Each structure stands twice: as C-alpha cells, then as structure tokens.
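In the two complexes that follow, chain A is the common piece, with chain B as its partner first and chain C second.
Up next, the complex of A and B:
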C-alpha cells in the first residue's frame, strides 16, 4: 500500500502515514477553515489501511494546537483506527503534550476506545 | 451593551488595539490575518503559554465569524463586513468579533451562548466531550463546540450582544476576555 504524506504548512499539520515505517505521525498545527476538506483524503486512505493493517500500528500525535473543527476530524481518524484491534492486530496511540495540549489529550483519551498513552514533552 | 463596530471606531487610533480588521474575509485573507496577529503577539507578549492561548482563541473566533457571516453576495457590502479586534488591557486581552447575521438566527445563537455561559468547569468539560464524541464530522452544532472552546480556554464567560440593523439583519458582537494570570 502506498504511503500518505503531506508536508506541514502554517495552518495544516504534517501527515506521515507510511506502512513501511515504524509509526504514523501527525505533527504541527491544524487550523484550516475547512478541516473536512483537508482530512478527507487521509480518512479515505485509513479506510483502506484498516482493512489490512500491519501486525502492529503505532500512531504518534505531536500537535502544537488545533481548532475545534479539526478536533472532529481527529475523532474520525481515531474511529477508523479503532477497527484495527478488532482485526486482531495491535494498535497504540501516543499523544505528546505540553501544558496546553494536556486537557485536549484527556478529552480524546476519554472518548476514544484505543490504547492511548499520554507523553509529556520536556523542554 | 457590546457593540464591536463602535469599539472598532473608538479604538482605531489607540495603542491598545493590537490588531483590528474590518472588511470581507475569505480563507486566504484569514491566513494572512493570522500571520500578522501571531507576529504582533510575538512582539508584545512574552509569556508563551498566554500567547498561544490568545492565538488559539482568536483562531476560533475568526472561524466562528467566517462560518456564520452572510454569504449571500446580493446583500450590501456593509452587511458582509466582519470585524476582528485584539485589544490589550492592563490585566489581559480582549478578542472581539462583529458580524451581521439574519434575525431568525438570533434565538438559536443566544441559547447556545447562554447555555455554555451557565456551565461550571466540570459540566462544560462533560458537554464538550459528549459533543466531540457524538457530533463528529456532521456540521450540526459546529458553533457549539467553538463557543465551548472559547469559554474553556479563556476561563471566562462570553460577552455578546445583538443590535438590530434592519428588518432582516442584526449585528452580532462577541467578546472573549483573557486574563494575564490563570
């Protein structure tokens, strides 16, 4: 399966989803006006991926900040990933946070049904 | 009474106005505005956490205005103007927005803000998570999440007002207060 990769911009995060690599990554900031438009191709890509995932998938979230419309798309990403454990494969999510992203991480941890680790970023 | 247009006219020449915009907005303009605001904040505020908080709230306020302002290009230019202000106070900052909305939208918007303003920290957290959980992707309640986010991030209730413009439109003014130390 081909990798899905997007370089970061001032308003959108880096998306690095390469099945040949150890981890999937989203990093940077996510504040597009139309987040659905931005995330739709990734969500489509994940639909394919979760049908035949690797034995173990690790997803790293290293977001500096995001707007509320992006947060809904993040929920959708996690909803897709939730299907991986159902196929008997492994999934882990690492949420990297500084003081601001802690509460957001806890919001997601509460509503997402995947193994979710919160890791504090040290300066 | 909160009137963002008045505030804009009053503060135009003032040093307290760190950033003020009046006019039409689209996605490209928003990007440019955000770059200016971020640079300006970088010059006046050294507390990086506070800086980030202000910027975050401003992003949400602008997004709210962008999605709720009048798209109908047949209405007059005045009604398509939006106002965005970032004001420095001694004890913090204010983010203000002003835009014209249709009179029939007032009740729903007022209810949304009133409901959020009434919540304490815990119930706000619960409602936010509930909405995030159930309301994914669908455009319904998008404003609700944004409004909740502004209150959660600022830790303050929102100031707002509707001022009748004509039989179809009213000016919607919104203000988020952000304190220096919290």
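Up next, the complex of A and C:
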C-alpha cells in the first residue's frame, strides 16, 4: 500500500501516513478553508488501510492549533482507526500537547475508544 | 452559501444515516426485529453525535476564548500605540518650537551682523563722500549730522527687513521635524 504524505503549509498540517514506517503523524496547524475537502483523501486512504492494517499502528498527533471543522475531521480519522483493534491488530494514539492542546486532547480521549496517551511537550 | 454547504459536508455521514433511517421509518412492512436493530443503531449514532457535539462545543468555546483574549490584547496594544503617538506629537511640536526659536535666534544674529556692516558702509559713504560734497554745496555742517541721524533711524527698519527676508529663506529651505521623522 502506498504512503499518504502531505507537506505542512501555514494553514494545513503535515500528514505522514506511511505503512512501511511504525508511526503515522499529523503535525502543525489545521485551519484549512474547507476541512472536509482537505481531509477527504486521507479518510479514503484510511478506509483502505484499516481493511489490512499492520500488526501495530502508532498514530502521533502533534497539532499546534486546529479549527472547529478540523476537529470534526479528526474525530472521523479516529473513528476509522477505531476499527483497527477490531481486526485484532494493535493501535495506539499519542497526543502531544502544550498548554493549549491539553484540554482538546482530553476531550478527544473522552469520546474515542482507542488507547490514547497524553504526552506533554517539553520546552 | 457555498461555505455553508461545505461545512454541512463535515456531517455528511450523519446526514446519510438520518436519510436512511427516515426511509426505513416510512416503510410499514419492516419486521419488528429489523426495527429494533435499526433503533439500536440510531441510539448508538445519537450517543456518538452527543459526544462529538460536546467536543465541538468545547473546541469552539476555547477558540472563541482565545480569539477574545487576542482581541483584548490587540485593543490594549492599540491604545498604547495611540498614547505613544499622542506623546510623540506633543514632543514633536515642542521640538519644532525649539528648532524654530533656534533658527530665529541664528537668523537674528546674522541679520544684526549684516545691518552692522550696512551701517558701517553707510557711515563711511556719508563721512567720506557725501558730507564733503553737501558741506561744500550748502556750507552747512548740520547737514552731515542729519545724514548720520537718518542712518541711525534707518538701522532698525533695515534690521527688521533683513531679518524677515532671512527668516523666509531659512523656513523655505528646511522641512519640519515631523516630515523628517515620518518620511
């Protein structure tokens, strides 16, 4: 399966989803004009991936800032990833936070049914 | 309008599911078992949606709080900048007044020197050239005195005229401090 990679821009995050690597990554800012248009290809890619995931998948979230519609898209990403443990494979989510992102991480942790670790970014 | 459509796409999965359930609810021939199954699905989706609504509200509230904080900060900074600008204007005016006074004093000194030079030249002309001719013609020594008195009386108006002329020239040549600062 081919990797899904997008470089970060001032308004969109870096998306690095490479099945050959151990870790998937989303980092930077997520304030696109149209969030669903931005995340739709990734959601389609994840639909394929969750059908045949690796034995272990680690998803790292290192977001600095995101808008409301991006948070809905993040929920959709997590919903797709929730299917991985159902196939008997391992999944872990690492939410890296500074003072701004801590509460958001806790909100996601509350509604997502995957192992969710909160990791504080040290200065 | 286009933006509203795009934002509603974020909830496309929920909209599709709602349409599906509505369609089923209009079908009178569904077995009770299927109704129960769909009802359970609906409850699950509703529960999920509540969770997501809570999350979105929380994220949105935080964003608004941040925006408000940033606005307050901007407002405060704008007020500080306005105050600094006002102070700058006052200081600029003071500086301008001081410069004007300095220019005036400098011009005044130059004008006095020029008037003194003119007075000396007039005195020399009067003493050396005019007086002998006038005394020879009229035979009256008082005329020479009247010439000198005339020169003395003329000194002040000459001083004023020279000073005004030089001041005009000086002001023409210089730009204000404000002009220089904001160039």
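Going forward, the second predicted complex is superposed on the first by the 123 of 123 C-alpha atoms of A that agree within 3 Å, B and C clash if a C-alpha of one lies under 4 Å from a C-alpha of the other, contacts with A are read in each partner's own complex, and residues count from 1 in each chain.
Throughout what follows, a residue touches a chain if its C-beta (ideal position, glycine included) is under 8 Å from a C-beta of that chain, and two chains touch if they have at least 3 such contacts.
Every value quoted in this text rests on a predicted model; they were computed, and no experiment measured them.
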Taking chain A as the common reference for superposition, should the pair chain B and chain C be classed as clashing or as fitting? clash
In the superposed arrangement, does A:10 touch chain B (first), chain C (second), both or neither? first
Applying the touch criterion given at the start, work out whether A:99 contacts chain B, chain C, both or neither, answering first, second, both or neither. first
Where does A:68 make contact in the superposed view: on chain B (first), on chain C (second), on both, or on neither? both
Which partner does A:88 contact after superposing on A: first (chain B), second (chain C), both, neither? neither
With both complexes superposed on chain A, which partner does A:111 reach: first (chain B), second (chain C), both or neither? both
So in the superposed three-chain picture, is A:37 touching just chain B, just chain C, both, or none of them (first/second/both/neither)? second
So the two structures are superposed on chain A. Out of 4-12, 130-138 or 166-174, which stretch of chain B collides with chain C? 130-138
Common ground on chain A, meaning residues reached by chain C in one complex and by chain B in the other: 34, 36, 67-69, 71-73, 75-76, 100, 103, 107-108, 110-111
Partner chain B, residues of chain A touching it in the complex: 10-11, 31, 33-34, 36, 65, 67-69, 71-73, 75-76, 79, 99-100, 103, 107-108, 110-111
Per the touch rule, the chain B residues reaching chain A in their complex are 27, 30-31, 34-35, 49, 52-53, 55-56, 59-60, 63, 66-67, 125, 128-129, 132-133, 135-137, 142, 145-146, 149, 152
What residues of chain C sit close enough to touch chain A in their complex? 6-7, 9-13, 48, 51-52, 54-56, 58-60, 62-63, 66
Can you list the chain A residues touching chain C in their complex? 34-37, 66-69, 71-73, 75-76, 100, 103-104, 107-108, 110-111
